[in-house]
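There are two complexes below, and they share chain A, which is joined by chain B in the first and by chain C in the second.
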Partner chain A sequence: MNTKELIIERVKEKFSESIEEISDFRDDLCFTIKKDQIVNLGKFLKEEPDLQFIMCKDVTAIDWATRKKRFTTVYHIYSFKLNYTLRLKSNIDDDPPTIETVSAVWQSANWYERETWDMYGIKFINHPDLRRIYMPEGFEHHPLKKDFPVLGIPGSLPLPNKAD
Partner chain B sequence: MGLEAVLQKEGFLTTTIDAVVGWARKSSVWPMPMGISCCAIEMIAAADPKYDIARFGSEVMRFSPRQSDLMIVAGTVTYKMAQVVRRIYDQMPEPKWVIAMGACTSSGGMYRSYSVVQGIDQFLPVDVYTAGCPPRPENLLNALMTIQEKIGKTRARDFQNRSLAELEHSQN
Partner chain C sequence: MDRIKQIYNDEKLLKKLQEDQNLTIEDVLENEMVINMGPQHPATHGVLRLVLRLDGETVVGIVPELGYLHRGYEKMAENMSYIEFIPHTDRLDYTGTMCNNVGYVLAVEKLAGIEAPKRAQYIRMIVAELSRIAAHMVAIGTYAMDVGAVTMVMWTFREREKINSIFDRIAGARFTTSYTRIGGVASDIDDQSIAEIVKFLSELEPALVEMDKLMLSNRIFIGRLEGIGILPKEDAIALGVTGPNLRASGVEYDVRRAKPYLFYNEIDFKIPTFSQGDCLARYFQRGDEVRESIKILRQCLDKIPNGEVIANSPKKVLPHKTEIYSKMEELIHDFMIINFGINPPVGDTFLSVENPKGELGFYIVSNGSGQPWKLKIHSPSFCNLQALSQLCKGAMVSDVIAIIGSLDPVMGEADK
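This part shows the complex of A and B:
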């Protein structure tokens, strides 16, 4: 059994009901999971002795703008044991977009989720410190959303007065 | 008859205080290297032996704004960084000058985006703009020479309780 089959089999054993899609595009394995199961799946992948996905390399999101489920959160995790990178996705709807945080599973997700919150306005429930990370505090918008103008909203970011 | 021959005799020169001060000032412009991104590399290159900014008396890159006369803003100024740039500018003693080095600083450059200030002249009085992405060291030296020319024309009383608008007018 190769690595991919092993992962798929293990995940299917436990999460067959909540997996929405398994895709294998250009050798990148990806699970799409219902949003309420993301933490359980993460914990399982991390703690299962055969898999040991102990490293979270990235958390980001996609804004589909017109889809009914407007956002997709994306997680990249890595197993040193299998030398394998796996992608997890979860579709979430707008107003307001929320999903449970995985920072309790992977500590590194803490800042990645802050970035995702800053850029897309996705609220990570139970996150220990959900503040902006790039944009200044007090900024009211989320710049990577599709409805945010490229040049920004005039006046939304303060500039110093002209020196005299 | 060379200079040495003249100097052997007792002699004197007549000039104005303003001319001497202006000459001294323009020959020792100490830059504050505000290098915030890629342009800073070319600014550093201008200080190396090949381009040798020391020829103009400006080799003393001061990392303390209190000791500088000229701020070289070299790099992309974001809205967040703008506050910092302005604060450092405010800490420099008068008289002071500003070079906007590169496309980013002059106009936002290729970053036509929400996070980048579209030209630092929105919050700083810029004396010389330098074109290029990044400008070559020669171009920076050219900007420095332009500033020197400008400084040479100043008079001491220009800086006494006069508004910027008035100053600009008297210097151009």
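This part shows the complex of A and C:
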């Protein structure tokens, strides 16, 4: 049994009802899971002795703009034991978008989720320190949303006063 | 001036200022102090801002503040074609530009299903390793300068200067190279460039020995680094630290070995690791990686095959300039690629490469059009900085400088 089959089998055993889609594009295995199960799946993948996805490489989101479930959060996790990078996805349909944080499972997700909040405005519930990371505190918009113009919104960032 | 006027006009504030004259040494020793460091600070490697909470000289807490160099590359990428984004990758980690170029085009090639010719892949390996040496030279030099050994930076920049001259010959630019293209590289390397690389390598090896002699006979240097900022293996993994910092903590993980891209599987090289995980280990780690890069370069120069340097795939890869001017078909393809872009299939891919700072990944989502729907840059400096607050807790103020230097963040990459 190769690595991919092993992962699919183990995840299917436990999460067969909450898995929405399994895709395998260009050799990248990806599970799409229901929003409320993402922390459970993360915990399972991390703690299962055969899998041990102990490192979270990246958390980000996709803004689909026109879809009914507008946002998708994307997680990339890595297992040293299997030497495999796995992708997890979760579609969000509520407005404003919220999802449970995975920073309790992977400590490194802390900053990645802060970045996602800053860029997409997705609230991570129970996150220990959900502040903006790149944009200044008090900035109203979330720049990577598709409805934010590339040139920015005039007046949204306070500029320093001109020297006399 | 406005601020001072404001204070003098504010009666409450003025009264408070006048009251607070009798400060005693006991007050100072009992109370914690909050101090701001950066963003314009020579030792923070760019525009990193830190807010430190100090008890005497010991750091109790530290909050890194990013975003002073945030240029919104991910937003810009969504509004330009795949080819247009190549020069922007130079501006991520500006000490190792070639590595970024290579990483980005590999990610796009994976998405679009293009394979570059073997010679192009070997050239990419050569320039990426040269770039890695240059980046580590900057890292070691500025690190040593931060902790007080100023000579080192002259020596390492001298070596880096030679690499810049080689890049000038290969790519036409010393610093912002933009050398790789989707499907290959911009131009072939000639015999003289290869001769220059061979000459450079023969000069670098004795120079490295000299550098080690200089640094390791310096008791202050060792004293300021040994046992400082220890990052245990488990914490390094949990905090998502990558690259040389992860390997200095004893995790043998290198993308070149774990998931070989280009032709790293044909090359024989070691992955140096250290178990101590302190600042000194991170210094040794970079030195050892330069030595491995020299080994890789020597093998690449031996093995490099002859042939094309850009793939022949008219719908996806730009044709050569001379053909555009003389052939109708090529002119049409060029027009289509420049104006509408290559249209990769609908889907998303993640590809990461081993950069001098760590693992650089590109997550690209395509909706079938010429521009990426989303392009996420997984930048190693950002990941490494996350470990900073844990490393600095309980350290001295002067250790903070050494720890930042040892993590070696580049803010162009961390802020994107």
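Here, the second predicted complex is superposed on the first by the 163 of 164 C-alpha atoms of A that agree within 3 Å, B and C clash if a C-alpha of one lies under 4 Å from a C-alpha of the other, contacts with A are read in each partner's own complex, and residues count from 1 in each chain.
Throughout what follows, contacts are C-beta pairs under 8 Å (C-beta built on N, C-alpha and C of every residue); 3 or more make two chains touch, one makes a residue touch a chain.
As the structure is a computational prediction, the values presented were derived from the model and not from experiment.
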Clash or fit (per the criteria above) of chain B with chain C on chain A: fit
In the superposed arrangement, which partner chain does A:50 touch: chain B (first), chain C (second), both, or neither? neither
After lining up the shared chain so the two structures overlap, which partner does A:93 touch, if you call chain B first and chain C second: first, second, both or neither? neither
Going by the contact rule set out at the top, does A:136 touch chain B (first), chain C (second), both, or neither? both
Between chain B and chain C, the one with more contact residues on chain A is chain C
Taking the superposition as given, does A:21 touch the first partner, chain B, the second, chain C, both, or neither? neither
First (chain B), second (chain C), both or neither touched by A:9: neither
Of the partners chain B and chain C, which touch A:157 in the superposed model: first, second, both, neither? first
Looking at chain B versus chain C in the superposed three-chain picture, what is their shortest Cα distance in Å? 5
Those residues of chain A which chain B touches in one complex and chain C touches in the other: 134-136, 143, 148, 150
Partner chain B, residues of chain A touching it in the complex: 134-136, 143, 148-153, 157-164
Contacts from chain C onto chain A in the complex sit at residues 66-67, 70, 72, 74-76, 79, 110-111, 113, 237-240, 251, 253, 258-259, 347-350, 352, 359, 361, 363, 365, 373-374, 376, 378, 382-383, 386, 415-416
Residue set of chain A touching chain C in the complex reads 25-26, 28, 30, 54-58, 60, 62-63, 74, 76, 80, 83, 85, 87, 106-108, 110-112, 115, 119, 132-136, 143-144, 148, 150
Chain B residues touching chain A in their complex are 79-80, 82-83, 86, 89-90, 112-115, 117, 122-125, 163-164
